[in-house]
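My structure is below; once you've seen it, I'll send some questions.
Each chain carries a letter (A, B, C and D) given by its place in the written order, and its residues are counted from 1.
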Amino acid sequence: MKVLKLQKRNLNSYLESLRVFGEIYGPVRKDEKYIYGQLDDLDKLDLRMLRTILPVKKFLVPPKFNTFSFEGYTYKPELEKIPRRVIFGVHPCEIHGLLILDKFFLERFPDPYYQERRKNTAILGLSCVPDEKCFAKSTGTHFVESGFDLAFNELQDFYLVWVGSSLGDDLVRLRLDLFEEDIKERDLHEYMKWRSWRDSQYKLKLDMTGMPDIMELNYNSPIWKKFGDKDLSCGACSMVCPTCPCYNVRDQLKPVGNSGERQRHWDSCMFKPFAVVAGGHNFRENRAERVKLWYTHKLKAFITEFGKPACVGCGRCIDTCPVDINIKTVVTALKGV
Amino acid sequence: MPEKPKAGFYNLSGCSGCLLTILNCEDQILDIFNGANIVSFLMANSANIEKDLDIAFIDGSVTTDEQEEFVKELRARTKKIVCLGVCSCYGGVQAMEYEKNTWSARFKKVYGTKPPTITKPFESRPVDAFVPVDYYLPGCPIDANQFLYNYARLLRGLPVDIPKTPVCLECKWRENECLLLKNIMCLGPVTATGCNARCPSVNLPCVGCFGPADEGNLTSEFNLLKEKGFSFPEIERKLRMFGGVKFVNKFKTMWKKVKK
Amino acid sequence: MATNVYLPEPMRIVRRFNLISDVRFFQVRPLAMDRALSLDYLPGQFMIVSLPGIGEAPFSISSTPSRPGLIEFGIRNVGVLTEQLFKLKENEIIGVRGPYGNGFPISKFEKKDLIIVVGGLGAVPLRSLLLYTLDNRDRFGKIYFLYGARRPNEMLFLNEFLELKGRDDLNCLLSVDKDDTGKWTENVGVVTTLFKHLKGINPNNTYATVCGPPVMYKFVIDELLKLGIPKHQILMTLERRMHCGVGKCGHCVIGSIYTCMDGPVFSHWDVLHMKDLI
Amino acid sequence: MKEIRIPTLARVEGHGNITVQIAKNKVQKVLLNIPEGPRLFETLVVGKTPSEVVNIVPRICAICSVSHRYAAIRALERALEIKETKATNALRTLMHYGEMIESNSLHAYLLALPDFLGYPNAVAMVDKYAPAVLRALRLKKFGNSIMEITTARWTHGENAAVGGFGVTPSKQQLLDIKNQALALLPDAEETVELFRNLHYPTSMEEGMTFMCLKPPTEKYGFVGNSVLISTGQEAPIEDYLKLTNERVVDHSNAKRCSYNDKPFVVGALARMNLLGERLHGKAAEAFKRCYSLSWIRNPLYTNLAQVIEILFCVEQTPLLIDQILKNYDKIVTDSKIQKPGGGTGKNVGAVEAPRGTLYHYYEVSRGLVSGANMIIPTTQNLDAMETHIRVAAENLLKSAMDSTQGKKDMDLTLEMVVRAYDPCISCSVHVVNLD
């Protein structure tokens, strides 16, 4: 992989130059939290961000969008309006989240909406330092090898920039003058030192090996009822998790005529109607079953299917659930410790 | 082209906000009037014909004997009755003291000992306390987009489709920091969504103006709020504000339990 | 760009009539003839039917790929979309996409005996399998078709199946829970009462397929196990809510699997192993 | 004895009917009945916190929900000694303009204009008067857009709270509103022209007393802490009970008001009669072009007064927004909700709702409201409405008794009189006696 150096003072000039590719987004403050917001003004960029409320998935599968417009029985896919965007400041765990979404949406029956958005979205990663809710080291998602176009590693005065894709290479070429190509041994040294220092910063450890078996053994455990009783069925956990992809579909009609849109919006298995079939039978009637499904899917299904859990250690669920049902409390309870 | 369905828009005791919301759909108002054969809309039209209807939209709750008669008469000549807003769905803010037996005293306080004789008033109740209702579109007022979506469905004979999920869903879509985590009493988790999470999106807690969400976990919300130091009367007061009769009926037993 | 998996393909309703009072038969055909002829699928697969402005829902294919050109469905009027489908007339257009799902592992059935057990609406997908095996009769061993309905007027494709009784290469057994017509000449009793007619089954050489209402599975599977048929040779098709058919929307997830892609056909072993399936 | 009955008044908010009893060819009695069910808001707010009160009271009426909210906020802030910052005041003024524009264009175009042009409703006018209908919709939508960005919803948005705003509209939102206002100015002017050229019947003319709030500056405006009366007096709003003298009548669920035992008028017409001279710019020119002495006798000119107010608000909006944007960062900080001050106190607050002066009064004791009173514009206008109905009925009586056309004219005129007052019936039904 190609690695380049970019002096920190040159970051904004570089980002500015990316406007020729598309709209620029990055972490901005929203009250006491952060979101990926549009950077019409780069001054808004706030790199103190640790986690945004919604993950980058919001750009690739927006909370609500039209898949088709229709007129009579003729459907027209709405793929043209997808804008080109640069997302700067995406942390490693999130890039791992994207890799999971890629598997999910692009293998077996590729999803054209995801595909098109992924193609039009340049992912510019950024290294981070964990807080007490991050545990990406436990999930092995604290470093990235792929899934990004450029990845910025922040050191003292400069960034080491990994070029991860051909698009990334094109983006670098927009302002090659700002980058330095020869990485000195000193730089490498600094990077390695930073790496091990960062490794030592993970306070939260959540060992997820053997989760499928542990889930299996807990199939009838009373912990599910305990969590189920507390669960608000608010769905927030699914909305904020970088790897939750479920959605609902509905058709919007106009009051007159026979045209309209087929719309897709985020749904959650934590909601009661999620598994209702015609005739009213609900395969997951009570909350305990629904909480169990959420965690089974994260911690067992994905491991069986893709060899690793669908949790990337971002800590969003820990930061979001009002009643403290999250990967940390659930895994801890499952292990009975 | 099948004949346009005959529709009527009616207003009982309320603020007329739901009918106003319809008139506020400036971009669609011509379509709204063209999509159906609107035979009655007293608030906007003076040539109203009261006859058999395919769809009747009702805004406002029932608070007088005259209105009670009216909804019965309307039911008899209408195929589908759609309640618009928490007044007609659940009794509205005017029903927040429902079943507390304070109505007569309060009425006296407002009208004194010589009340008007024109109608016989009573405590506000929703339309379905008197006649069966086919569909409910809650909100105080209703949400314009939810109305337009369902209006288009109703005109084609499709049932009303509203989310059963709580406000938090749309609140997260709008990327708001959760107010509960800031120890602010937000009713989002137990309130039906459809409002686009307007209040949390301006940093204010959800006041519950779409009424109780069918699938909200009230016991858990209550315990959570209690842990955060809110008192029982405070919590009940908020829940009653827009939840009205539905709140009282739906959660009566549960509420007695948590009270203990 | 590759074709959009979610894009419904317009198909014309060629024929439609009621099979029973609330289940209607729909025979549809892609608008272009070459597409109609090349559309391939497996018995046990399903397609998603789409009406603009109303929505989409999955329906099993009831026709057999051995007779290309026309796709058949048997649809029960239970809700919003199905009610609108019932309003459509011949020659009108509907949207269809698919086929989806795993379907039956036909190649494994080769040379084997086959017991097809059906309850109620389960006849829709299993008719596809039955017709397929009859069209390729020499590739399979003995075939038993056991169909139970509540009453004679609730049996789908009744005349078609009665006609099949005349065949000597098929054992077609029909039963109703109750005969309220007085004209029923076949068996009376729940579907499991037909099992006594199965003689000389070689369990290891036999596959069984089951589809019907949820209550039926347990009893039928008990009978099949009594016959000694191995768990992985008992196959059943299951139903879940679905919005996409291609493993994306998440509604059909059961534990670790997506019913729409990993199913809807599962073995009895899968059911025991994976929990929550039924 | 004969009776003329208009059983259900259309194109007004809520339910009312008119009965005119006639004997010996003379009008004996005029009854404006309001059977709308009572909702007892004054008792509902008792036991609630100030912020809950502000959630509840806008629901008195959707059409003037912002005014109810604003009046309650003013009363509660005065009671609790919370000082309104300049920033908060600017945003509140903007939201109030939004309601004025929306409500006045709803009334003038969609409710009143069909009478003048001979249609049952505004949508039916599209074939012949498409530009006017579309103009009405543009203006109405603009008013709603202002409320959407300032209060978070067209109706009952909660963003305006006791002590300030939950969120300040963004620069971009404000700029959008400013640009829309500039683009809509011609619409507002044409609206005035349209209404100036209508034919105003005269059969109901009768002189009246007018009242409105006196703005704190020399300019035209919609809030104040004292009341101007056309008889020349001025009174602090604390005297609101003496100014309005509410009473219960038995033919109506709405109460009545009078001043010195005489009917009086509040609303756009009152404001123009008392404050018209204070207008600036295009609104002032329009006022000069339109005003005549009939305005103190003929309630139908309310419609024209309302459209001049639309012009005023559309014209003022860009200036107000410039002022906000000039100091945007400070506005953001200063308009944040301040923690409510002391928890005990009582006071009255008033704003001009589109239909006239609206008073809210609260007593707060240790953080909870213990008493409340609200005096609503429509209640204040009901006696005047009855008077004008009586005058019209008397003047038209002869022709009405003779022909069906006359009867039709009579019905229409009586309805037009009521509609001119733009009555808000939901508002008027619920008023209180404090023990």
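The definition used in the following text is that a residue touches a chain if its C-beta (ideal position, glycine included) is under 8 Å from a C-beta of that chain, and two chains touch if they have at least 3 such contacts.
Keep in mind it's a predicted model, so treat the numbers as computed, not measured.
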Could you name the chain whose Cα mean is nearest to the mean of all protein Cα atoms here?
-> B
Report which interface contains more C-beta contacts, comparing B-D against A-C.
-> B-D
Of all chains present, which has the mean Cα position farthest from that of chain D?
-> C
How many angstrom between the C-alpha centroids of chain D and chain B?
-> 25
Chain A-chain C separation of Cα centroids, rounded to whole Å = 39
Distance from the CA centroid of chain A to that of chain B, rounded to the nearest Å?
-> 37
Quick one: report the Å distance separating chain C from chain D, using the average Cα coordinate of each chain.
-> 66
Mind pulling the residue numbers of chain B that touch at least two other chains?
-> 152, 156, 203
Residues of chain A touching at least two other chains = 250, 253, 260
Contacting chain pairs - touch in the sense defined above = A-B, A-C, B-C, B-D
In the complex formed with chain A, which residues of chain B make contact?
-> 28, 31-32, 34-35, 148-149, 151-153, 155-156, 161, 164-166, 168-169, 171-173, 175-178, 180-182, 188-190, 203, 214-217, 219-221, 223-224
Residue ranges of chain B in contact with chain C within the complex | 152, 156, 158-159
Touching residues on chain D, where the partner in the complex is chain B = 8, 10-15, 33-44, 47-48, 52, 55-56, 58-63, 65, 102, 106, 110-111, 114, 120-123, 126, 137-138, 140-141, 144, 152-159, 161, 165-167, 248-253, 415, 426, 429-433, 435
Complex contact set, residues of chain C against chain B | 53-54, 80, 84
In the complex of these two chains, what residues of chain A are touching chain C?
-> 67-68, 70, 72-75, 77, 79, 104-105, 108-112, 219, 245-251, 253, 258, 260, 262, 267, 269, 274-279, 281, 283, 293, 296-297, 300-301, 304-305
